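Should a chain be cited, it is by its letter among A, B, C, D and E, assigned in written order, with residues numbered from 1 in that chain.
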């Protein structure tokens, strides 16, 4: 784990000894036990790990939603205290993160309000990002009139329309079909390329992790630690056919799979 | 599409011209348009199709939860009117299908009550199925204290403990890691082999569909119809390594992928 | 500052009087119609309230100037330290049992034939520690019955007759219009308590608070004079009284036709108050003995 | 160990924060009323003395006990009827449509006008009082239950239907828990209504009781007595509230812990 | 594949839900009301002397007498006006105070004991104080109405705050959505069903408080008329007034029920799924 030796000046997000437990005595029921991680500006990091390992918990801590039991989290060189500016997040529990009393457009636009963005631009951004996730024309539908995968894409569209500097995504493509998933992966890659957004994405799909990331963080153990960080040294821009046929891709993929299976 | 020519006496579930629309004028807003399908007793059928195609809607109609706009559904030779007996179902929206006022064990045991099953057996079945999905020891936790993937597995455990004759599963493994997913696939296969349960499983993972199913139903079109039914002629019992390395598997997989991509 | 002397014609003094819409206040309405109050330079507004106690806050805050009330509740108010004073009398003790607007009634065929029979039974009164309650107690004493053997039950007068008929209570104290309704329904009357127990002179009156009276003595005098004139006129014109009652209470003419109309009097003696207060005190109803002389103007 | 001292400290802080305002108000009252001649601000000592009467054995038995018994009985009837009827109405469209106008009408009848009806139907004893309290207090629970049941997550019904859960179990273990947060809110208002309805219920046929004391003191202008009886009603409310909160914590444990552990305040 | 080709796909046209359903509601409700009235009339006529509640036909006659009296309409106007005014004030205060109470822990802990002590004070008991302070004016009525109508909204609002989905709050925090916007976009819609129940209770509370204040305090209005009828033994007229008040309450309740039906189309009760 050579993360700590990296130049920290370019680091957006750094954790040191991040520890998190739940319940009346959090110290005794640790979910995450002393996790060190650091993410550079503009980096695309994927997180993989078994179900229940603490990936969501990690994201909640990094986003400032949850206070760690011990350890520090630095964002842009300052200790984090509540969600920082320009942070976007796609929640794993996407159905619950949509407001049933708002239609799709209103849901997407909601975070943009009060941010000094003109009505016209809000609408434009929302429509653009809805179109990008393949939901053009659903603007006036209610969330509960959409299929599961469509709801998930609304949540993604909301995060995209927000144009965050740091984007945390918790299994964002879990409920969409293979074809759409590939399109969404490429969409996120384009976003990353265009705006240099720093992205942290949790996934269960090893191919996806290898395809998207600069580095893949493999979590494991009890309490959870960073098992290994696998650098993915693939050229950008990437695309589904060429990138996935590169030997380096297969290599990274195999390495991650091996790490996961060895638990 | 040679479904209609099959011997219908062994068919558990048959639909003819199944049509479903929503809204004030369902006829004008069709989601499913005249779908014919028939599933034999003990068969394992996977359903794939783009997000928003109407897979969940189809499952809801088949389970008797939703009334079709037109067409008929026969269950064991009789028109369906409400959920039949011995039906198990894993909902796509698994978080919502667990009751927050019950702990994990109570949630799993809940459908078993009043069914003439002894307390001891209920508990045994629940613990057995919880262990099978890798959740031994979480019995007394509340659903909201579990990770997304764990909640999904509770929902699966509930369906398993119920020992249904017909099991409908809506993207049941969407939120679990690759390793666990493989284990759960094998678990479902064992269940299918042991009890001859008829299973209809919706998935976005083509590999999964090919690995599990006797036949894969590919949905597509607008309104949705059966695009094609791909028979998967692989020997049972199957296992992750051998089965997936058979040429027939690759063949089936490629065929399904081709059908999906051609939309 | 409405303290203009009544003699100043033209600008009339506006006053508001709080009443309970029963037959007792008919002279007030009649006097207004006959112009007795205008003659005294008063521009009068009449407002209904639930009872004497409910009127007190309105007198205290100056929204109303006079209120109608029976002796007992006003004595209670005075005993608690509010400086209330009667300005003029209201109704007098009825001249005969037959003319009594009050009655204790029982059920048809009841074994209770007189007050003696009430011992060990229950009687409904509309307000415990109120005038009716005291009347019944005094009537019982007079008949030689220990009041403590009687179970007094508080019940709105409008429900009294039905409660007797159903047997919820054995007897009930009623006043008009319920007395005549009960008589018409055939309920036996076993006592006319007000006639039997009330002191001579007025049993009710119009009262005000002393700070007001101190500043507006002439208005109070004018009011008292107008009431006296009205009483006199009313006592001589019962038909007009009934017509007034129909008008302001909304009762139908037939009911009012059968009602016993009280005798109106403007004379209110301090001795009546002393006597009543003494009885109340004996029963332990008062925290302090009010100054009876100070309660009459 | 440190956890225990921390929690002890926390409950001490809790005690202080929950009492300081009351203490402050009592002090202000004490000093303001010292020279007061106002008939509506009774002197503090007189009021305390009047309250003291209720705590003598005789006073407690005559004035407090019957009132509390009727109150609790009325409240329980209101809650049981409200929840049962509410579930029935909430789940049956026909019943809902049939009862809507009757409910809307009946519940707007002013309580004082109910008194004669109650007397006509139930006499003047305890049943009438309990009936009046129950009748007046049933609405919050009833309306909450109807609304909660109607707004239940449809997913729950799906589960019940798929697994053919029996009606009884559906009611007890799905509908009622799902509706519980809102039902409990309604019950809280019902409890409040019950306490205020005591006064009405003791307007007829009573010769003792807290509600009767309020009326009697008002009529005879015993302001200190009136405030004493009113404060007793307040104290009664306070005590019942503590009991209710304990009940609520048991019934809604899952709801409350979920809210505090997952979610927290919207304003954070 | 011959089966599917047949053109005879029978689409069961489901009529739009709203209008015929509410027509049915009126119809069913009317039948139920008539049934109750007939039962009452029969019971009253057969029950004989003991019951003192007049039968519907007698009340109907008194009602006919009322509606031709212009004073009655003026009284109705006065009662309704003060009730409506008080309700608006109480609802605003209840939502604001309830939200603050449910949100701020220190505030809650500091005031809960005091509130629990004050809440049970019956409005009727406060009347003398109200009369002293405000007389029989509109303010007195309003004070009593606001006091009565405030509590249900307050309690419901405070409870509703516990029922906000944590994920929505997290979503708002992540996007640094302003508090005001959270309040409008998340908090109020979430607790909407709670407030709705509170309001439905309050609207009747306001009406009743308006009437009671007139009945006891002597302010002009329907309650005043009711008190007059009661104290002068005009039972049929009294019940006719009760009927009028009940109908007013019913109308108020219905208008709120209608509001509820219109606004949250998203509420599960109005969704298509789960209604089969």
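Everything below uses one rule, namely that contacts are C-beta pairs under 8 Å (C-beta built on N, C-alpha and C of every residue); 3 or more make two chains touch, one makes a residue touch a chain.
For each chain, UniProt lists the protein as follows: A, B = ABC transporter ATP-binding protein; D = ABC transporter permease; E = ABC transmembrane type-1 domain-containing protein.
Bear in mind the structure is a predicted one, so any value in this text is a computation, not a measurement.
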Those chains which touch chain D (ABC transporter permease) and also touch chain C: E
Farthest-lying chain, centroid of Cα atoms versus that of chain A: C
Intercentroid distance (Cα basis), chain E paired with chain C, Å: 39
Distance from the mean Cα position of chain E to that of chain B, given in whole angstrom: 47
Rounded Å distance, chain D (ABC transporter permease) centre to chain E centre (Cα mean): 18
Touching two or more other chains - residue numbers and ranges from chain E: 51-52, 128-129, 132, 165, 167, 170, 172-173, 186, 215, 230, 271, 273
Junction residues of chain C - those touching two or more other chains: 53, 56, 60, 156, 158-159, 162, 166
Where chain A touches two or more other chains at once, by residue number: 22, 82, 93, 96
Chain C contact footprint on chain D (ABC transporter permease) (complex, rising order): 39, 115-116, 119-120, 123-125, 203-207, 212, 216, 218-223
List of chain E residues in touch with chain D (ABC transporter permease) within their complex: 24-25, 28-33, 36, 51-53, 103-104, 106, 109-114, 116-125, 128-129, 132, 151-152, 155-156, 159-167, 169-170, 172-173, 179, 182-183, 186-187, 193-194, 196-198, 200-201, 204, 207-208, 211-212, 215, 223, 226, 230, 238, 241-242, 245-250, 252-254, 257, 267-269, 271, 273-275
Parts of chain A lying in touch with chain E, wherever the complex brings them together: 60, 63-65, 82-83, 85, 87-89, 91, 93, 96-97, 99-102, 110-111, 113-114, 142, 144, 162
Chain D (ABC transporter permease)-touching residues of chain C, taken from the complex the two chains share: 51, 53, 56, 60, 73, 76-77, 79-82, 127-130, 152-156, 158-159, 162-163, 166, 168-169, 285, 287
Partner chain E, residues of chain D (ABC transporter permease) touching it in the complex: 14, 17-22, 25, 39-40, 94, 97-113, 116-117, 120, 139-140, 143-144, 147-148, 150-155, 157-158, 181-182, 184-186, 188-189, 192, 195-200, 211, 214, 218, 226, 230-231, 233-238, 241, 255-256, 258-259, 262-268
